[in-house]
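My structure is below; once you've seen it, I'll send some questions.
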Amino acid sequence: MVMVNLILILLLGGVIAMLSERAGENIPRRVALVVIMLDLAYLLSELWGMPSLTQLQAPMPDDPSTWLMHFKAQWIPAFGISIELALDGISLLMVLLTLVLGAIAVSASWTDIAVKHGFFEANLLWTLAGVLGVFMALDLFLFFLFWEVMLIPMYFMIAIWGHENRGYAAMKFFIFTQASGLLMLVATLALVKVNHSATGQWSFSYFDLLNTPMPEQTAHWLMLGFFIAFVVKLPAFPFHTWLPDAHTQAPTAGSVILAGILLKTGAYGLIRFAVPLFPEAALDFSWTAMALGAAGVVYGAVLAFSQSDFKRLVAYSSVSHMGFVLLGVYAWNELALQGAVMQMVAHGFSTAALFMIAGSLQERLHTRDMREMGGLWQQMPRMGAVAMFFVLASLGLPGLGNFVAEFLVLLGLFQISPWITAVAALGLITGAIYSLILMQKSFQGEPNPKLQDHGLVDFAGREMLTMTVMMVALIGLGLYPQPVLDMAQPVLQSLLEMTSVEAMP
Amino acid sequence: MGDMIWLVPLIPMLSSILLMLGSGSLPRVIIGLLGVCSVGAAAVLTLLVGLDFLANPQPFQMTLWTWMQVGNFSPGIAFYFDGLTLVMMSVITGVGFLIHLFSTEFMEEDVSYARYFAYLNMFVAAMLVLVMADNLLLLYLGWEGVGVCSYLLVGFWYQNSANGQAARKAFVVTRIGDTAMALGLLLLFTQLGTLDIQAMMGVANEQWQVGDTLPLIACLLLLGGAVGKSAQLPLHTWLPDAMAGPTPVSALIHAATMVTAGVYLIARTNGLFLLAPTAMMIVALIGLATSLMAAFTALMQSDIKRILAYSTISQIGYMFLALGVGAWTAGIFHLMTHAFFKALLFLGSGAIIHYLHHEHDIFKMGGLRSKMPVTFWSFMIGSAALAALPMTSGFFSKDQILLQAYLQPDAGPWLWLGGLLGALLTAIYSFRLVFVVFFGEAKTQPDGDTGWRMALPLVVLCGLAMVGGYFIIPVAEVFPVASGEHPANWVEYVSISVPLMGLLLSYLIFHSGQLNVDKLVNSSLGQWLRRFWHSGWGIDWLYDRIFVRPYYRLSGIMVNEPIDAIYGLIVAINQTFNHWLAESQTGRMRWYIASMVFGLILVLTLALQISAEAL
Amino acid sequence: MEGLNIPLNHILLVSTLLFSIGMLGLMIRRNIIFILMSLEVMLNAAALAFVAAGAHWGQPDGQIIFMLILTVAAAEVAVGLGLVLQVQRRFKTLDMDSANRMRG
Amino acid sequence: MNTGQLMALMPILMLSLTAVVLMIQASIKRDQGLAWWITAIGFLLTLWGAGYAREFTQPVTMLLMVDDWGLFFTTLILVASLVTLILSKDSFSPEGERKEEYYLLLVLSVLGAVVLIQSSHMASLLLGMELMGVALYGMIAFPEKGELPLEAAIKYLVLSACASAMLLFGFALIYAATGDLSYGGMGAKAAAAFSQEPLVLMAGSAMVLAGLGFKLSVVPFHMWTPDVYQGAPTPVTGFLATVSKGAVFVALTRFYLDGQLYQYDSLIMALSVVAMASMLVGNWLALRQDNIKRLLAYSSIAHFGYLLIVLIALAAAQSTMSSELIGQAITFYLAAYIVTTLAAFTVIANLAGEDDSKSMLSAFEGLFWRNPVQASALTVAMLSFAGIPLTAGFIGKFYLIMLSIQSQLWVLLGALVLGSAIAIYYYLRIIFAMSKTSGTMIKTESRAALGAQDIVAALLLLLVLALGSWPQPFIEFAGAL
C-alpha cells in the first residue's frame, strides 16, 4: 500500500497544486515542493523500520516476499491483470532519484514559468507519479500504462511552457515514444499470449512471465519489441533524434525531469524486462546492442561538439552518456551493470544541473545560443564555477559519480569485448572536447560586449542550494558510491543468476 | 607519524575548497596565507613523515576506506608510502611551497587571486594523491585531477580565448593518453584481478613470462598515459602551448611535478615493464627521440617560456631514456634535480616577465645581468644544472643516465650517442638563453628586481640546484638492483666534456660572435631546417591536418543530424501520401462514384479470383 | 412462368448489364436528374434479379423484396427530388460538378 | 406472434409510438419545445423498453433477432441519440421554426438503426438501413442556410443510394445462389451453393460487403465521409458517426456470422485488403487536415479499418480456438468508439455550432484556458482515439492487438501499429492547439454555471476514463452477452 500511496500523494498533490493557483501565483510551486518532500519523507519513514534494508537480500523473481515491498491487487482479472507493485534495490534507487530530482525540478521552475503556474506544477507532479509507477510496476500491463501515461503531462510541459519551437519538439517526443511504445505493447501481449498457450492462464505478472518457454524465433521478435521501446526512451543511437529537440525546447524543469529521470526509465526497462524476460535472445542480440551503445557514445559526442545551442549540446551529451548505459546493460556482468545503474544516478544529477544552468542563462540572456555568450564568468563567477564543476563531472572526472559509472561499465565491458571498449573509450576523449568547448564558449573567452551592461545576476541562495545538493551528491557518488552499489548488488546478483541459468539449459 | 600521511593531500584540498567558497569575501592577505601555509603544512608533514621513514625504512600501506566494491573489484582510497613516494612528495610539497610563495608576489595584482590559489592548492592535493596512491585507480584519480588543474590554470586568464584554446589542447591531448592508460587499467584488472600496484606486480610476475604479449600491451597502454602526461612524442604538442598560463604555474605543473607524472608511473610499475623488454625499448626510444626533437626545437625558439618548455620536454625525454634502459634510480634522480633547476629557471623567467611588462621574446631583452642580479644568478645556476655542467645537480643525474644507457645490452652505445647529442644541444640552447637575455645591450628596462617573496624561492632553488646532486634518494628498495657494471672510463670522460663543449659553442656563437653561423643559417637548407625546427618538427601542423580539421569538418557535416534526415524522410513520405490522398478528395461526386466503382471491382476481383482458384 | 424457360443466369446477366449501365450513368452524368434516374436503373436491376431468383426458387420472397425495393426507391427519389429543388434554388444549376465546395 | 415476441419488440414499439405522437403533436400544435420533450421521453421510454425486452430475448419472426447483444447496442444507440438530442436543442435554436420535423426524422432514423441492429433477414436489413438513411438525408439537409448541408445531403443521398443498389444486387445474387433471404438460412445453404455457384455467391457477398462498407466508410468507399461530416450539422455528424455506423457494423457482424461468410478465404482476403487500406489511407488523410470535423471523418475511416480486424480474426479463430475474445472485442471497441466519438462531437457541437469556420483547428486554440471542461473532454477523446492507456480506446486497441496476435494476422497488426503511430500526430495536433497560450489570451472569466453541454461532456469524459481504467465490469458484461 505504501507504493500506491506514494503515487497517490503525487497525483492528488498535482490536483491541489493546480487548484492552489487561485490563492496566488507563487503558491503552486510551494505546494509542489511540499508534496514531493512529503512523499520523500513518507517513503523514508516507511523504509526506516525495515530490517531488510540494512542487509538487502537478493530479490528472487519467483518469490515476491523476498522483495523490499510487494503489493498486489486484482484489477482486470479477465486478463490476469493486477495492480502489482514491488520495490527492490534498483527500484528504490530510481524512486529516490526521481523524488530528489523532482524537488530539484520544482526549484528549477521557480522563476522560469511565467503562465499557468498551477497547471505546470500539476503536470510536473503527475509526470513524477507516472515515473514512480514505471519504476515500481511489475505487472506488464500496469507498467505499460505508466509508461505511456507519464508522457502526457510531460508533453504538456513541453508544448505549453516550452521555447520557440515547442510544438514540433513536443510532437516529435510524443510520437517517437508512443510509436515505440506500441511495439512494446504488441510484444507484451504476444508474450502474454505465449504464456497463456503454455499455461492456460492469463497473466501479466512479471513473476509469471519470467521463464516463459518459447521458440527462439519468437523470443527474438518479442525482445526486439521491448528493446526498441526502451532504447528510444534511453535514447540510443539511432533512435535518439527526438531528444535534442525535446530537451532544447522544454522548460528548464522539463529538461531536468526528461534528462534526469525519464531517460532512466528506458535503462530501467532494459535491466528489468528486456533482458530477463528473454535472456537467450538478449544474449544473442547483445553484440548489436553494444555496437549501438558504442556508436551512440561517439556519435553523441561528435554531435554535441558541433552544437551552438547550449541546451542542445547538453542534450547530445546525454545521448553519449546513455550509450554507456546501453553498453553496461548488454555487457551483462556485475561490474558493467553496476556501472549502468551508477550512470543512471550520476547522469541524472550532472545533466539536470547543466540543464538548470542552461535555463538560468536563458532566463538572464534570453538566448541559448553560445555565440551570443562568452566571458560570462566575469559577471557570474559562481555560476561559472558551478558550471565548471558539472562540466567536469560530465566529462568523467575521477572523484565524481560519472567516472565511477563509466569506469565500471568499461571494466565490465572489457571482459566481454576489448574492441568495443576501445571504441567506447573514444567517448572519454570526445567527451572532453565537447565539455570544454561548452565552457569556452559560454563562461570563458572574450566577454561579449553586448552583455556588458546587462546587469547579469549571479546565482543566489535558492539556486546555489539546489546546485550544492547536486554537487554534494556527485562527490559522494564519486568518492563513496558503496551505498548505491550495495543497494543494487543483490538485485543484479539475482538477475545474473537467473539469466545465466537460462542461458545454459 | 606514518598514519598522518592522509593529511598531506587533505590540507591543500581543504584550503582549496575554502578559497573557492570564500573567493568573493576573503581579504588578500588571508588568501595568500591560506594558499602558502597549507602547502607549507603539507611540506612540514612530509618532512616529518620522511624523517620517520628514513629512520625505519619500512614501506607501508594505509587504507582510508574502500572506494567501491563490485565483485572482486575493490580499489580503496588507500595510500602507499615508500622511498619513491617520499621523493615525489618532497618534491611536490617542497618545490610547491616555494612556488606558492613566489606566486603571492607574482599574482599580487590579479583580480582572481583567490581562484588562483584555490586551483594551485587543488593541484598540489591532486598531485599528492597521484604519487601516494596505492592502486592504479586512485592514481588515475590524481592523474586526471592534475590534468584538470592544469587545464584550469593554463586557461586561468580565461578572457583571452587563445589561453582557453591552449588549455583545452593541453587537456584533450593528455586525455588521449589518459584514455589509453584507462584501457591499460581495464586490461590489467581483467587479466590480473587487482589494481593494487604492489599486489598487481606480484601477480603479474607469477602469471606472465618475460616477453609475453599481454604485459607488452598493458605496458604500451600505460605508456600512452605516461607519454601524454609527460609530453613525450607523439603527444607532446600541448606543453609549449600550455605556457599560456601564469609562469609559476608553468614552473610547478609544467616543469617540476605534473609533467613528470609519466616518469613516476613507469617507475612505479617497473615490475610490469620488466616483463616487457620491448616496451622498455620503446620507452627508451621515445625518450631519446623526444629529447632530441625538443632540443632542436628549443634551439630555434625566441619565446623564453617556450624555450624552457621544449627544454622540459627534452629533459623528460632523458628520464624516459633512463627508465627505458632500466636506470630507474637515475631517472627518478633526474626527475628530482630537474624539478629543482627547471622550477628555478621558470621562476626566474617569471621574474623577468613580471618586471619586463609581460615581454616573452628573448631578443627584446638583453643586458639584464646588472639590473636583475638575483634573477641573473638564478638563471646562471639553473642553466648550468640544465646543461649538466660538472658539479651541478643536473650533472650527477644526467651523467648516470648516459652511463647506464651505454650499458643497455641491445643498442646501448647508440642510445648513449643520441643522449650525448642531446646534452650538447641542451648546453647550447640553455646558454644561448643566458647570453641573449642577460648579456649584450639592454633593450627593455625592467621595473626592478624581485621582492623577497620572489627572491627567497629563487635563492633556495639555486641552492637545491647546486647541491641537489649530492642527495641520496631512498629508492633502493623500490627498484630492482642495478648491475654493478661500469662502462669504460673514456665513456665517462666524453660524457662530462660534451656539455662543456656546448657551453663553449654557445659562447662563441651567441656572445662573442666569433663563430659566425649566419651563412649556415641563411642557406636555403638552413632556413628550411630553421622553420622546421622552430615549428617543433611540424608535428602541430600535421596533427592539425590529420585530426583537428577533419574533426571540425566532421562535426560541421553532422551539425544537422544525418540520422534525423531518415526520420525526415519518413515524415516526407507520409506527407506525400497525405498530399496525394487529399488531392483525391476533389469534392466532385462523379469522382467519388468512380472510386466506389473501383472499390467494387477490387472487392469483386479479390473475391472471385481466389474462389476461382479454389475451384 | 413455365412457358418462358429462361435460365436464371441469363436474367442475372441482363440485370448485371442494367446495373452496370446505371453505374455508368452515375459516373458520366452531371445533371442531378439523370443521376437520380441512373440510381433508379440500378435499383431496378437489383429488383429484377430478385424477381428472377424468386422465380428460380419458386418462392414469393423475390417479389416481396421487389415491392420493398420499389418503396425504398420511391422514398429515395422523393427525398432526392426535394433536395433537387433546393439545389436548383441555391446553386442555380443542376450540374453536380459545381457542388464541390468541400474538398481536401 | 405471441405476447413474448411483442414484448421483445418493445424498443421498436416505443420508438414507433414516439414517432406517431410527434406527428400528431405537430399536426395539432407546432411547438418545438414540446416536441423536444416528447422525443426525449420517447427515447427514455425506449431505453426502458430495451431493458424490459431483455426478459424476452428470442427471434421475432424470421426478420428480427432480439438478443442481449442487440439490446445492448440498442441501449448504446439510444444513449447516443439522447446526446444528439441534447446537442440539437442548442444547435438548431437559431433556426427557429419547423424543428418538429427534425425530431421526427431523428426518431425515425433511430428506429431504422434499431431495426438494423436486430435484423436477421435481408428484408429487415434493407428496411432498417433505408429508414435510417432516408431520415438522415433530411437531417443533414435540415439547416436552411448555407450551401454545405445541402451539398452534403445530396452527395450522401446519391452515393448512399448507389451503395444500397450494390447491396441489393448483392443480396439478389446471394438469393439466386442459395434461395434463402434470412442470414441463418443462407448460411446453412451457402456451403452447398458454393460448390455449385461459387461465382454468384462470392460476387453477391462481395457486393454486400461493398454496400455495407460504404456505410462504414472503409476505403475505397470512403470518399463521401469528410464532405458529409463537414457539411452536416454537427449533432447530425455525431449521430451519423455513432448511431449509423454502429448499427451498420452490428448488422454486418450478424450477416457475416450467421451467413458464415468467414469460411471463404477469398472474402477474408478482400476484407483484409479493405481493412488495411482503411487503416493507412484514413490516417494519412487525417494527417494534415485542419477542419476538425473532416479530421474526425478520416479518423473514423481508420477506426473501422481497425475494427474489421475482428471479423478477419474471426475466420482464423473459427478454425483454431474459441471466439470468446471476439465478441468482447467487437462490443468493447464499438462501445468505446461510440462513447469517445460522442464526447468529441459534444465538444465540437458546443464550440463550432454550425459555423464552418469555427470547426477549423485554429478556432480551438487556447480552449484549455477558456473552457477547461470541454477541452479536457476533447483531449481525453483524442487520447482515447489514439489508444493511450487509461482511456476506453486503449482497451479497445488492446483487444484488437490481442486478437491479431492470437490469429497471427501479422500484416494487419503491422498496419494497425503503423496507422496508430501516424494517428498520434493529428490527434496531438488538436490537443496542442487547445493548449496554446499565445495570442490574445483572455483570462479565464469566471463562468456562471455549468451548461447542460458541459455536464454531458463531463459525463462522457468520465465514461471514457471509466471504461479505460476500470474495464473489468464491462468486460464481464460484454462476455455475458
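As written, the chain order gives the labels A, B, C and D, with residue 1 at the start of each chain.
Definition applied: a contact is a pair of C-beta atoms (placed from the backbone, for glycine too) under 8 Å apart; a residue touches a chain by one contact, two chains touch by 3 or more.
Given the structure is predicted, the values throughout are model-derived calculations rather than measurements.
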Chain located farthest away, centre of chain C as origin (C-alpha): B
Middle chain, criterion being Cα centroid separation: A
Chain centre separation (chain C, chain D; CA means) in Å: 26
Distance between the centres, which are taken as Cα means, of chain B and chain A, whole angstrom: 37
Distance from chain C to chain B - Cα centre to Cα centre, in angstrom: 94
Separation of chain A from chain D, taking each centre as the mean of its C-alpha atoms, in whole Å: 43
Multi-partner residues of chain B (at least 2 other chains): 582, 585, 587, 589, 593
Shared interface positions of chain D, touching two or more other chains: 154-155, 158, 162, 166, 226-227, 289
Junction residues of chain A - those touching two or more other chains: none
Contact pairs between chains, per stated definition: A-B, A-D, B-C, B-D, C-D
Chain C partner contacts - residues on chain B that touch it in the complex: 582, 585-590, 593-594, 597
Contact set on chain C toward chain B in their complex: 23, 26-30, 35, 96-97, 99-104
For the chain A and chain D complex, residues of the former touching the latter: 75-78, 115-116, 144-145, 148-149, 152, 155-156, 159-160, 167, 170-171, 174-175, 178-179, 182-183, 185-186, 189-190, 193
Of all residues in chain D, those that touch chain A in their complex: 369, 383, 386, 388-390, 398, 401-402, 405-406, 413, 417, 420-421, 424-425, 428-429, 431-432, 435-437, 471-472, 475-476, 479
Residues on chain B engaged by chain D in the complex (per definition of touch): 574-575, 577-578, 581-582, 584-585, 587, 589, 591-593, 595-596, 598-600, 602-604, 606-612, 614-615
